[in-house]
Structures are given as structure tokens and as C-alpha cells.
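Okay, so chain A shows up in both of these, paired with chain B first and chain C after.
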Partner chain A sequence: MDILITILSVSAISTILAVLIIISERIFNNYGNVIIDINDGTKTLEVEGGSNLLSTLSGQKIFIPSACGGKATCGVCKLQVLDGGGELLPTEEPFLSPEEKKDDVRLSCQLKVKQNLKIKIPEEFFLVKEYKTIIEGISDMTHDIKEFRFALPEEIKFKAGQYVQVKTKPYGKIKESVFRAYSISSVPSDNKAVELIIRRVPNGLCTTYMHDHVKEGEEVMITGPYGDFYARDDAEEYVMIAGGSGLAPIKSIVEDVLEKGLDTKMIFFFGAVSKKDLYYVEYFKKLDEKYDQFSYVPALSNPTEQDNWTGEIGLITDVVAKYIENGDGKQGYLCGSPGMINACISVLTEKGIDESLIFYDKF
Partner chain B sequence: MKQSPKLSKIQDKMRVGELTSEGYLGKDDRSLTDIISDDYKTVKSLGISHNEIARKMQLLTDAGKLTPEYPVVLFNRYRIQVNEYMGFMPCPFSDGIRIDKRNTMVTDEMTEKSMYWTDMNIHLIEAHGFYEGVGARYRIEPIDIVEFLKAIPNDAVKN
Partner chain C sequence: MSPEINPFVIFLAAIFTSNMVLSNFLGMCPYISLSNEYKTASGIGKAVTLVLVITSVVNYLIYYYIIEPLQLEYLRYIIFIIVIAAMVQILEMAMDRYLPDLHRKLGIFLPLITVNCAILGNVLFMIIRNYNFIQSVMFAFGSGIGWLLAIQALAAIREKIGKNKLPPGLEGAGITFIITGLMALAFIGFSGMLPTQ
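The block that comes next holds the complex of A and B.
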């Protein structure tokens, strides 16, 4: 009997405590409606307080890039919060430089909207939209690279070279959605769809989802376009270097320049280990033959005997150094692994291309 | 051993599907504090530090980085192949460090034994003394890695 009374007492106390917590949360965490002033009054939002700034803005269809989806681990979702942000949180500290702290930059995923805010959002983020896409096609490019075509419900406006973020659905043991950035490989005029080239990353959350779980006809959410990796029109020649899935934005830029009839010269170096890592070879060879302004230089660092490779052999940096005499009138466009990008920046700057004229996405 | 709320939060981020598809903990049901503490004891008993282990791993990775996806041999013994991917990984300890997605496969040609690690492994060992949970895909067993790297002279990784 005593045991029963004890159990009932503990249960009653627990229930009362739980009710008290719920009531106090409703009282103390009810921030009511707050006003968010964006870019000095250019846009004003009235929103319900209590959520973080990143999700509050996405609820208003303003999409801030975030690679980790609000877990305070990627540090991508930075925004300037001029007023109302409160104290900097310990979870934000490691991601902000002294200059950024001085400029009131905050991680929007960590900042809770509790009072009226004054924030600054880069203009290009207002062009970002969310699209409910349908996977229209999946093609194997190499042993670890696939190309996906996402049909869009409405037209998208982007610059060749920009990227979108793909939102995964929970799968297998993965209980939450994640976001990952991928460059668009299709041309901007093909505006009712986007194509992405995705290389499998071992243990990768999103690449595993795309390679193993997504099927044709499936719905996938994306947001975009993002990024400042796009072709500038003030160069005589683009020196473009890519490896792996880094071919994607270069393909988009090349097609865009040719389609618009611009007279910019382009040389495209694609580095791979052996023939099994090459793709779109015939496509670019044909463009090379058809257009005087375009040259294509695939190079293999370690071709096998069976490859019967007669093209360039060596590290892509050595091949670039062999072909590029000087940097006069040239801009660099790089897409690949961080190691490849760093090595290519060194080669291009040695050839005389100013670092400010070398563009790349490191995501 | 007692664990701070901060470390418990970090441990939550290490679970399957949080930051990577397979997480950092494997089937290890110990607290993060215990995992780190037990590995520390092992490393200490071997007369080496986390830092020395990490620097030896980094030395091999750096050699492989010079020719990505193409094997090189170092110390006439270690065959190294580095594979690089686009993007970065955020450190699960939320220290603001972003780690390049790079895998290093090393084979000791004398013993034919191979070991495999990521740039994240090197960072986690050096900065946090964390070798991942037992059963995790990229778990580095301290005893194995120390034995594996023993042919690298200490002078080669001096500051």
C-alpha cells in the first residue's frame, strides 16, 4: 500500500511540475509580435517572436544560406544585426572574426527573435526562392558522379556559375533534413529546370541521399540561387579549371557565353586521375571543334594502360602552367576540392592573374 | 565520470544523422567524457601525446596532398593516397573550425597493413583528444595508430 501511495504521489508531483513548466513557458516565452526592419526600412516584417532569426526569415520566404540547417556548426548564416540582437552567444563566438563582431554580425540560426530587430540582408538574398521540384532525370556520369535534373514549378532566374541548396528528406537512420549546396550545371536560359552534378562523398549526408535514395519522379525541395561565383563580362579570356563535380558551374558558364554570342575566349582545363573519372568529354570536344573562342584541355594524372590516353598527362596545375603564358586580360574560374583550388590560385597568380580576378566557390 | 551539459550537447551532435550519415560514436554507449578519458589513458601509457600522433598523421596527409588521388611513397615505406572532395565539415565540438573533406589511405609496405583517416580525425585528435567512439566508421584505435606510425622519426614532426 505504501508503495502504491509513493508511486501515485511521485506521479502527481511530476504531472503538476510538467503543467507548471508548460504554463511558465507560455507566459515567459511569449514574445508576442515583433517588427524586423530590413535594410533601413526597405522592408519591414511583423512576425511572431520566439523562433530563431534564420527560421523566422525562411517563414517569410527570405532564405539565408545555411549548410548545417541551424545547428551552429557551419557558420554560414551570418547576418548583420544592428539593433535588438542582445548579447553575443557562446555558440556564435567561434565563427566570428573580431571585425565581424565589431560590425554586429551574428549567426542567424542562434539569435532568438525576442524584440524588434534592425538587420541588414544582402540584396541578392531577396531573389532566392524555394522550389518544390520533381526529379526529372538521373544519369550516371562516372563511378561516383551522377547528374540530376530538377523540374521546377516556375521559372528560375540565375547567373551561370551560381548554386542552389538541396534539402534532403529523412531517410534510413537520418531523422532530420539537411541542406547542402551544389552548383547549377545547366544554362540559365533553361529556366524551368536546374541540373546538378553530385559526387558521392563517403559518409556524406546529402550525397548518400541523392545517390542512393532519390528516384526519378520524386519531390525534392531546393532554394536558390546563391553565390557570387559567376562570369564577369570584363575579361578577354576566362581560364577555367575544374576537377570532379566542379565541372558543373564551368559547363553552365561556357554554355551561357556561347549562347549569348559573347566574344570572350575560354580555355577549360579538367583534371582527373584516369579515364574512368572523365565525363562530358565528347560534349566539350565538340564545342572545342565548333567554336574558335573555346578550348578544352582534359588531363589525367595517372592514366592506366587500358586508357590508351593520348591527351595531357600530369597534375592539372602543371598542365595549366604549360598552356598559360601570362595573365594579360585573363580571369580565373576554379571549381574543385580546396586543395586543387589553392594549388591553382598559386599557378594563376604566378602567371600574373591578380588574385582579385580569380573566382571560386569553396563549399 | 560526470559530464558537463556542454559536452552532452556536443555528444548529441555526434549521433547518427546529425552532422554525418553515420555519426562519430558508433555503438559506443559511454559518455563523451569517458571515451576521451579512456583513450587519453591509453595514449599516455604508450608514451606519446595526441599532438604527436596528429602531427605524424598530418605529415603523411600533407605528402599525399601534393598529388591528390595519386599514390606517393614516404620514408621508403608508407604508400599514401589522398582523396579530396568539395566542401567542408564543421567540427562537432562547435569550435568554429571547418575541416576540408579529405580522406587519407596509407599502406605500410613493410607490413602491408593499411590505415585510413580523414582531416577531421586529425583535427579531433589534435584539438580534442577524440578518436571517435568504438565501432564508428572512422574510429582510430590509439594503440593501432601509434604502432602504425612508429617508423616516422620524431624529428620529422618537430615544431
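The block that comes next holds the complex of A and C.
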């Protein structure tokens, strides 16, 4: 009897408090309908206030890229908020440069929609859509890298080098969906599908899902395209450096340039530890032989004896330094781990490529 | 039985002779970390006072009308904390709506009031000392004002010494602890002035 009374009274108190909180949320968090003016009146939305700008916009099918899903840890969901955003929050400060602060850039996941807003959204975000895809093919690239082909229900328009976000379904002990970003490795002209190269990360939520739980024919939601890592066409030569699954966007850019018949020269450095980490080698070697404008330089940092490796050996930075003489007319495209990218940026700037002409995707 | 003390005496005692932070050393974390700036310190002080009064009223009613009749005294800590947490949450929503500036300034510290030991300490004192309703409210209000004055004084001092050159190692928390100690010594001077705890 005592136990019953205890349980009942504690639950009663908790319930009453919960109801109180819900009621006060209704009262205090009710900002009524607000109007969001996008790009100086090009588009206006009437939405219910009270939640953050990122989720308000995604509710209206405008997808702002965000890697962390609104936790203020990635700093990707930046938007220009010209009016109605209120003051900068302490959670946003670390992600914004002084110039961005001056331009009223905010993190859309932190900004709560309380009043009429005037915001600017880059045009390319309107191209971002949600796609219900079917996995059409899965192939092993290396011992820990797989390539997936996602068939799309409608055409996608993207620039070579951009990425999409994959939404996982709950699996095993994981009860929540997560979003993770992966670069597209297929060419933009192949617009009824996208291919992604995904490397298994030990205990990675999404990579484990993709590697172990997704089978051919499975339905997977993706959104995209996102990102400003794409080829600028004002260079004579692209210096491209990748490691691991960083090959994906580079492959897309190379194929795109060759397909369009542009005369941009390209040199592609691919860094790996040993031969078992290399993939698409024959493919790129053939392109190298076929096209004068393209050269392919795979480099191993630590080849084993069985590898019989005759190519370049050493850190990718040393190999790049050996091949690149000067930075004239060149642009850098880097994709790989932050350590590799930072090291490569300093090599390329030493060679005379301005930092503003080096584009990269860190992961 | 509640002790026969004039509620006003309890109010004064809570401010001076048994100041929450300077005599009981409760609620030290926000006291140290939020006293950089006078304005923020005032804000958190007022918020703490408000939460103190609201939670004591609610917890008083819950204790004497639910917990005691049902002999659930052993659950009082949990229940008090749940009540405090809920009240802080409601307060936070209200502040976000009506005092957005202060809400922005307090940031993460507002939800942290939940675990400010001054709040729970105050509620427990009021139960242990058998205060009646009026006494409890005055005690809570006094404790809040006492905490507010203490943090305001500390913030004012820290703003004053902000530009001074301190020996390395004493900057920040170090000097703050020394100031707090000196302030506590000063507050001991009040003890014995009022015939209560």
C-alpha cells in the first residue's frame, strides 16, 4: 500500500508539473504567425513562430545544410539575417568571423523565430530537395570503403564536387535517425542517380548503417546537393589532392571536365598508406593515358613488401611538392582529413597558389 | 511547531547574519562564475531571488500538504529538485519571451539555477527549522536578496579591480576567492545582532 501511495504521489506531482510546463510553453512560446521575407521579397513564407529558423525552413521544404543537426557544434547552417534576428547568442559567437558578424550572419539552428524576419538564402539552396532513393548497387572498393549507387525518383541538378546528406533509419540499438554528409562521386550528367563513396568509420553511426544494414533495393532518404566545393572554371590547371574516400568529389570533377571537353589541365594526387587502400587505380590510369590534360599520381606512404610498388612513395605533401613547380594559373582542390588538408594547404601556398584559390572539403 | 520569530527578523537574518553565500557558502558556482560583470550579476541575482520565492512557496505547499501527510519525507529531496527544475524551466520560457536581453545574457546559467545549491538549501532549511508559511516566504525572499547583494558587491569589486595588475595565478578565480573570504569575514560582524540563525 505504501509503495502504491509513493508511486502514485510522485507520479501525480510529476504529471502536474509536466502539465504546467506544457501550458506555460503554450503561453510563452506562442509567437503567433510570423512572416519570413527571403531575398528581398523574392519569396515570403508565413510560418508559426517559436522554433528555430533551421527547422522552420526545413518544414517549408527549404533545406539549409547542417552537419550536426542543430546542436551548434558544426557551424554549417549559416544564413544572413538582415532583420528581426535579435542579438547574437553566445552559442553562435565561436563560429562567426568578424566579417560575418558585420554582415549579420547567424547560425540558423540557434536563432529562434519570434518576429517577422528578413533573411538571405543563397540561390543554390533552393535546388536542395529531399529524395526518396533506392539503393541500386553496392560495390567494394577496398577493405573498408564501399561505393553505393542511389537511384533517384527525379532528376537532380548539382555541380561536380558537391555533397548530399544521407538520413539513416534507426537500426539495432540506435533509436534515432542521423544525417551525414557524403560527396557525390558520379558526374552531374548522370542525373537520375548519385554515387557515394563511404569509408567505414569504427562505431560510426551512419557508416555502420551503410556498410552493414543497407542492402540493394533498400529505400534511403537523401537531401542535397550542398556545398561550395566545386570546380571554378577560371583556372588553367587544377591541382587535386585526396585521401581515402576523398576521392569521390575529385572523380566527379575530373569526369565532368573531361565530359564537357574543357581544356583545363588536371593533376590528381591520391594518398594512401599501402596498396590495399588504393582503389579506382586502373580507372584513373586509363584516363591518364587517354587524355593529355589529365595526370594521375597515386602515392603510398608505407607500402608493404608484397605490394611491389613502383610508384611514388612518401607523404602526399612531399610528392605534391616534387611535382608542382609553381602556382601560376593553378587552383587547389583538396578533400580528405583535416590534417592532410592543412598540410597540403601550406605546401600549395608555398608554391605560390593564393589561399583564396584553394578549395577543400574536410571530414 | 514553528518557532516564534518575527518573519521580518528572519528576513533580515537571511540577508545579513546567515547570508546564503557568505555564511553558508551555498550557491558558490554561479556566485564565482557570473560575477564578472555587474549587470549580469544583478540579473542572475534577481533570477535566483525569484526562483527562491516561487520554489519555497510551491515546495512548502507540497511538503505540508502532500509529503508529510503521506509520510513520504524520505522522497523530499527528489520531489524538491523536480519542483525546482520545473519552475526554472517555466521561468526560462517566460524570460525568453518577456526579457530576451537578460535571457541572452544569462544563457546557460539560467537552467543551471536548477542545481544552484542555495535554492535546495533554502527549501531544506525552511523544513528543518519548521518555519510557517509567512516565515518561509520571508526567509526565501531574504535569502534571495542576500545572495543578490553578495553577488552585486562582488561584481562591483571585480569590475573595479578588473584593470588592476594582479600577480599571475591570482587572476580570475584566485582573487575572487580571496575577496569572497574577506566579504565573509565582514559578514561575520553581523552575527549575534539578531536572535536567530
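In this text, the second predicted complex is superposed on the first by the 313 of 363 C-alpha atoms of A that agree within 3 Å, B and C clash if a C-alpha of one lies under 4 Å from a C-alpha of the other, contacts with A are read in each partner's own complex, and residues count from 1 in each chain.
In the analysis below, a contact is a pair of C-beta atoms (placed from the backbone, for glycine too) under 8 Å apart; a residue touches a chain by one contact, two chains touch by 3 or more.
Computed from a predicted model, the values in this text were never measured in an experiment.
Shared-chain residue A:Asp228: touches no atom of chain B or chain C.
Of the two partner chains placed by the overlay, only chain C lies in contact with A:Val10; chain B stays clear of it. When the two structures are aligned on the shared chain, A:Leu20 is found in touch with chain C, with no touch to chain B. When both complexes are overlaid on chain A, the residue A:Leu89 reaches chain C alone and has no touch with chain B. Of the two partner chains, neither chain B nor chain C is touched by A:Asp354.
More residues of chain A are touched by B (comparison of chain B with chain C). In the overlay built on the shared chain, the residue A:Glu236 is in contact with neither chain B nor chain C.
By the document's definition of touching, of the two partners only chain B reaches A:Lys175; chain C does not. Common to the chain B and chain C interfaces on chain A are residues 91.
Within the complex, the chain C residues that touch chain A are 62, 66-67, 70-72, 75, 78-79, 82-83, 86, 89-90, 93-94, 96-97, 100-101, 104, 107-108. Within the complex formed with chain B, the residues of chain A that make contact are 67-68, 71-75, 91, 93-95, 170, 172-176, 180-181, 199, 201-205, 208, 244-246, 273, 277, 301-302, 315, 335-340, 362-363.
Residues 13, 16-22, 65, 67-70, 82, 84-88, 90-92, 94-98, 100-103, 137-138 of chain B are the ones that touch chain A when the two sit in their complex. Residue ranges of chain A in contact with chain C, taken from their complex: 2, 5-6, 9-10, 13-14, 17-18, 20-21, 24-25, 28-29, 86-87, 89-91, 112, 114.
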